[in-house]
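The next part holds the structures, each set out as structure tokens.
Presented sequentially are two complexes of chain A, the first with chain B as partner and the second with chain C.
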Partner chain A sequence: MNGTRRTSPHPTAAAPAGLNRLTPADLPALAAGATLLGSGGGGDVALPARLLRHTLAAAPVPVVPAAALPEDALVVHAGEAGAPDVLSERLPCAEDFARAVRAVETATGRTADAVGIIEIGGLNALAPALAAAELGLPVLDGDLMGRALPRIDQTTLALDGHPACPFALTSPAGDTVLVPTCTPRAVAPLLHADIAALGGAAALALHPVTAGTLRTSGIPGSLTACVRLGERYLAARDAPPAELAARLGARLLCAGRIDELRPRHGAETGSVTLHDHRDGAVVRVDLLDELLAVTVDGETLAATPDIIVAVDAAGHAPLRCDQLRTGRTVLILHLPALHRWPPEAAHLVGPRAYGLTLTPATGKTPAPAGAAPERSST
Partner chain B sequence: MLKLGIDVGGTNTDAVLIRDDQVLGATKASTTADVTGGIVTALRDLREKSGLEPAAIGAVMIGTTHFINALVEGGSLASTAAIRFGLPATRALPPFVDWPEPLRTAAGGHSYLCHGGHEYDGTQIGPFDEAEFRAVLDKAVQAGAESFALSSVFSPVNAEFETRAAQIIAEQLPGAPVSLSHEIGRMGLLGRENATLINAALRSLAEHVTAGLTRTVAEAGITAPVFLSQNDGTLMDIDYARRYPVATFASGPTNSMRGAAFLSRTRSCAVVDVGGTTTDVGILQNGFPREASTDVSVAGVQTNFRMPDVLSIGIGGGSHVAHTAGRTAVGPESVGYRLTERALVFGGDQLTATDIAVAAGRADIGDPARVAHLERSLVDAALAGIGERMAETVDRMRVSAEPVPVVAVGGGSILVPEDLPGASQVVRSEHHAVANAIGAAIAQAGGEVDRVFSIGPQQREAVLDEARQEAVDRAVAAGARPGTVEIVDIEEVPLAYLPGNAARVRAKAVGELSLGGDNDA
Partner chain C sequence: MTGASRIRVADLLADPLLHGAVTLAGHGGLERPVTDVSRHTADTPAAAADGTGDGIAGHLLVCDDSQITPPHRLDALVRRARTAHAAGLLIAAGGGRPLLSAVRLADRLELPVLWLENAEPATLLCELGIRVRAHELTRARTVLALVRQLGAKTSGHDILASARRTLAAPLSLVTSDGTPLLGDPVPLPAGLRLDLPVPQQTEHLLVHPVQPLHEGDSPRAAAWLAVPLERADPDRAETLAVSLAVVEPFVRSWLTGRRAGADRDAVFRAGLLTEITAARDTVSRDTVENALSLGWRLQDWHTGIHLTTDDPRTREDLDSLLAPLRSELARHRVHIVRPVDSGDGWAAWISSPAEPRPEEARRLLRALRITLAALPHTHGPALDIAGIGRPRRGPAGLADTLAEARDAASLARSHAFRPAVEHADELGVARLLATLQRSEVTRAFAETALAPLRDPEHTHLLDTLRAFLESGGSAVAAAQTLGVHRNTIGARIRQIRERLGIDLDDPSRRLALQMACRALDPHT
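Take a look at the complex of A and B:
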């Protein structure tokens, strides 16, 4: 449907090959990469990583690209919906994802050939592998967001007009909600109501599509890209800030102390204000569930859907929005997006989708890489 | 009020006598295996040196690393049963999951799941199944469990499953130690449950140690109440400590930093604590240590304690100094507690950082003649290397680009250079070597709230006030004098990806210890 998207540069294009299975040895890099691609959101990867460690120790999970599946193979996408804080109490379970996938299979009348990844940022980069292991299926090397995004309509499939339904939600208490059909307008309100009824979080399966559809409308190779990004981060995390940024293919936008924190309220964005201790610049980072935009001395240098990461200055651990505190010294990094969204997606994944009006950079500072991400990876 | 502060570390037991802002006396003794022997020696020494009148003491504050050390060594642990309410949820990660095997075995490792628990809004996942719980309890007892750790999903929101189960245990097994997760940890089931399990496993040791402490203090002729330092720099009375030994875990670094700040008369600074093997750098904001943003593993077990944010490097007074191929390296190898036999100045054969300090004339320890032969270039290179790495560590920790006051404490603090880059000044005090004991002595009573609140429209201030009031009430319940309690920290973090306005609110209050007014004057 969209030519530019299909030919979008891919970080692993030059890499020897994509992953063909996930093993326990891949887990630290997968978790680290997923945290970075969370762009400050996407939920803590620690719990699914803990589950996955036990799962992968029993048997590796096969990984398959859409291109290697038959044209009409069925891929069902799975992940966690709702509040990650709920999961930290009401621990996730692989079976819940598997039940949701099976409910979608029942509604489509077909069995799935692979489990797809909805978002490659945060804990949902890991959850599909749990579902795949439980169902005895491969996990797809690709996703629908190229990062973490808060809304279920912010996918390449939704943008291209593919329906999310049939979709299913399950709770660990044994509840299953199946929505066989619904209009695009009703997807988000139904999800919200169901998630609330299921205790603030639920396992979700949706977007049953063919491999052929994903070849044109999916984001290929993102699981491999996530693991490779994590590997680069783990190898470079002790390096000085500039070198860390260079080795991640990122730009270092700010190194400074958080002076002020304005929390988000409901759907209204919040922000943190920093003082860059290198040159005294005043830096504002807008946030909602993820870090959305970085504005330096009045000019926006990076914005969603590009990836913005805050790491602790001491130790370089990535910080989620809910871990930012006044007085903490952080580095703000701008990572190239995994996926080049077309201009018509601006209303869906750009700053306007969050009600932000920003001042783009003029010529005197480097333009944000959002429109045409530069790749430093080899 | 006259306060006696005691710090029982792994190697040394320190004691200080404090009135208001004045340190009246300080002493150091060797820690003994029974914990109390070092205290007896220290108190006797303090009496001889400063004419201490036991009857004049108004309160005794003790900080100890004994419990965390016992866990790390895996010794003296009770056979513990973990019983969690959460089924059918949480079954994929049962209690004791991912504990190191030797520790799990040492702590009994009995793990059980029951139905129940709550959702984040306080509604039940399922009803309390009394028959199921009684059957599990029987199994645990038959398996040899002596101590019980109860956890329940979202118990910080609603603790009814834990309290109901505790009542049943109290009826069935009168006097059996029971630890409840909602009283011990915060949000995050596995971390809270692990902290509760550790607490349960330490209960029999805690009975023994607290009884010993009470007896030792009484035998010294002291009639004042005894308190123990908690992780957050506040106090608990000895009976509370008997039931919650895990609350002492981070008290060592916390006391060290707070004691240092007290000595330097500053509430915001970097504290550089140089021991025998490592240098620990922490940040004090408003008189309390900045907390780490990540979960802390203790003896390989993930907990959700908030520990002070401390960055450590392998440089201490006992660090080996090696000079090869024109490069001078300090640490991380160290002679540790054997400094007084292995260092050159004490007649040993290992060149250590302490020898370098003596050769440079910074310290007068041992026999300076034994290091007179060291080349000036070696001494300078070693000192420069140490200063550089300390400056780098302070730089990574400090909260702003502006230079901060640096407080140097610990036995090896002579290694901190006077002109440390990034420090507005380097503060030292004559009592820095007993900063931990001072930190214990100056501690206050505190209370904390940390849970999810639903914030309706226009209710934000009311909810924050409710959290503040609850923290204040808890501080008073913990022994603070009502008029002195203040909120030292309040934080509101909205829950991500959840429509509506649920937020996690955390408030902390502290106040001066009330001792019934008798000794307060």
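Take a look at the complex of A and C:
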């Protein structure tokens, strides 16, 4: 509680091409980029994008990299937590995020200097900007996941042992839950229980950390990367599949029809089986909340935490997991990850975190009856 | 351990060990040779990934449920197995449904994935290993099991059922034309040399001869043990061939025993019937008792039936037809005794406590005709000639009616058509005469020929001529019939000769006149 809020950050230490503010013009690219980085999950960005359009039209939201903030500047991360189905039907409100952030401020005894982004995939890439505008704070150019991930402990901060608490949840009715302290293991169960009590979805603020911590433990520049990715996507959207992939810096893993959709059961992953019409390869995409892994002819070519995107073959609109249908023709793209997770994070964000036992590609092909699958890598 | 690579995945699939297994995917690879069977473990792919020659190349990998749970693991398993040149995957799973991707991938890589529900992987591994690598052991076990099983079996049905169970193969005992004696019919392909009593094998059939039962029999096989094969590798075929050789003596022993019993029985019955026909009404007590033991009620009314064929030398081949004939007749409510060999055919009869009504004869004739026509005659001579006697009573009556039946059969044999059945009544003179007497030609002849005797003052001459002819041309007999002196008859005959101008010593004329007399007689 040292009084003044930092309303105009200093972009001196920002990355060369980093954004310094979010304007309405950035919004389509931001939404598109967030959808792609959602990797098939992360919730629908359409609603927060509309809310943000009005907010940004009133005043652009400043964007500041962690490097540009003072070492001890407080960053509180905000986002929406809960079931995507509830989120799609219940309007989030910028004020809820502000309340949650303020509750965390109360618990820490300090005022926030910026609002951080928990995950740069899906609607939570946009929600912090709403919170920041409401609070009159800049939004941090960076995040904790580098994509959308389903669990709150799958963050760079959690990996490095930084506590998520104090954290706060606020429902649209204003009901607020503040957890000042808790062990790391209790965070997820508490969140689940509270979100259920608050109606299935709530605004969440957590991980109050200093900018210095984020410089070492955060994923820098991901908001900028998200907007740039969105811009490239919007520019290349009408290009043929191979060109689209090339311009996104992605690998086109499959262009084919969904022949079987095996839905998830609780925490057990589901999958879709595709027939790649280019070379007849058998492609399986494992999924839970997000697209988790792509296995071509028995070899896994891409897996979480890499970013896997399914886009509709006609029009190239990104598809969420719940939009995949049997008979639909889609392109499966493997996007470069925003963040290189260390090997010890495999249990946290790798396939094993979802109960998947996969065989990475060995490069050996068993010479099937048809053509050996050759995939261009860009 | 030899000959391992002779077995292919599809051979194992056809083996009883994998009964109930389905090919989930990878049908294109079913002809992959199997060199060994091993259990899939987490180390298996690692060992195989670097080694190309050794490792699990050519192996059928046995996996259990845990290796494909969650189901997406099957994809990688298929891929690894193919990369390591495994022959196929055998999944002994409790249930669950594989992902389409695994099925597609196995199809694409042509790696057979066999799916066997509710199987014990450890047992499978052990048994399949023996099957693939130590087939001699499988063979020895099978033979041992057969010998143990069959030793206690006495009936042919039991022997075959037991062998079928042990071999897990559809075993039949068939004649040379494929007619089943026991088991299902087996179509015998033309390529087999069934005139040679040696084991033979075609692509889909294994046959083993049952050697001739008696020393004096023809060298042809008495019957054949046949096993249709969907598919069998050399090892399995060999096991089956050896097994058939083991089963054969048991079947032969049973056949021999059955034939000896039948022979004994036939000789006994033929002898008894000979005694009865010879003794007629003076049959001994022993004979009656023996007849009773066979169910023959000698004191009843009997209707004899004689069955024969165009070529009596082939009678033995037709023995097998008698049982179906009997049961078929029973369906027409005609219950004959078991036919008895009577040298030139078979004697049989129907017994009833009361005299059969006249229409019974017609019913029997009809039933026999239908039944003989319905008997199978796919080969050789057919059982299609029969004669029926008239109902007679007692042992002597049995002899008579059988003799009539035999005569009727002789007449039936002279017909150009088959089956031919004649009834003794049906060849009766009465019928012929009745037909002749009623005919207009006969009547016209009678009117003309006998006109000189027809005026009222000569009726005694007509009566005399009739009596003379009916008594066979005997004047004495005619005199007795008419109650006059035989000289009177002689005088009248002379008058008749004069009036008619006919020589009564000519048999033809005599016959014609007798017919004419009968035609004019209102009483005949």
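Please note the rule applied: the second predicted complex is superposed on the first by the 347 of 378 C-alpha atoms of A that agree within 3 Å, B and C clash if a C-alpha of one lies under 4 Å from a C-alpha of the other, contacts with A are read in each partner's own complex, and residues count from 1 in each chain.
Note that in this section a residue touches a chain if its C-beta (ideal position, glycine included) is under 8 Å from a C-beta of that chain, and two chains touch if they have at least 3 such contacts.
Note that the structure is a prediction, hence the values are computed from the model and not measured.
S.K.: Based on the shared chain A superposition, would you classify chain B and chain C as clashing or fitting together?
M.R.: These partners fit in the superposed model.
S.K.: Looking at the overlay, does A:Pro172 come into contact with chain B only (first), chain C only (second), both, or neither?
M.R.: A:Pro172: touches chain B, not chain C.
S.K.: One more residue to check, A:Leu356. First (chain B), second (chain C), both or neither?
M.R.: The answer is second: A:Leu356 touches chain C but not chain B.
S.K.: Looking at A:Thr183, would you say it contacts chain B, chain C, both, or neither? Reply first, second, both or neither.
M.R.: Touch partners of A:Thr183: none, neither chain B nor chain C.
S.K.: Could you say whether A:Arg257 touches chain B, chain C, both of them, or neither, answering first, second, both or neither?
M.R.: First partner only, chain B.
S.K.: Going by the contact rule stated at the top, is it chain B or chain C that touches a larger number of residues on chain A?
M.R.: Ranking chain B and chain C by residues of chain A touched puts B first.
S.K.: After superposition on the shared chain, which partner residues are touched by A:His275: those of chain B (first), chain C (second), both, or neither?
M.R.: A:His275 sits against chain B and chain C alike.
S.K.: So if I take every C-alpha atom in chain B and every one in chain C after superposing, what is the smallest distance between them in Å?
M.R.: In this superposition, no C-alpha atom of chain B lies closer than 16 Å to one of chain C.
S.K.: Going by the contact definition given at the top, which residues of chain A touch chain B in one complex and chain C in the other?
M.R.: 275
S.K.: Quick check on the complex: what are the chain A residues that touch chain C?
M.R.: 259-260, 262, 268-269, 271, 273, 275, 280-284, 286, 295, 297-300, 355-359, 362, 364, 366, 368-370
S.K.: Provide the residue numbers of chain A that touch chain B in the complex, in ascending order.
M.R.: 41, 43, 46-47, 50-51, 81-86, 88-95, 150, 171-174, 192, 195-196, 199-200, 256-257, 263-266, 275, 277, 289, 312-315, 317, 319-323, 325, 327-329
S.K.: Inside the complex, what are the residues of chain B that reach chain A?
M.R.: 86, 88-93, 97-98, 117, 119-121, 125-126, 153-154, 187-190, 285, 290, 293-295, 309, 311, 396-401, 452, 491-502, 504
S.K.: Which part of chain C faces chain A closely enough to touch in the complex?
M.R.: Spelled out, the residues of chain C in touch with chain A are 28, 45, 49, 70-73, 75-76, 78-80, 82-83, 99-101, 104-105, 108-110.
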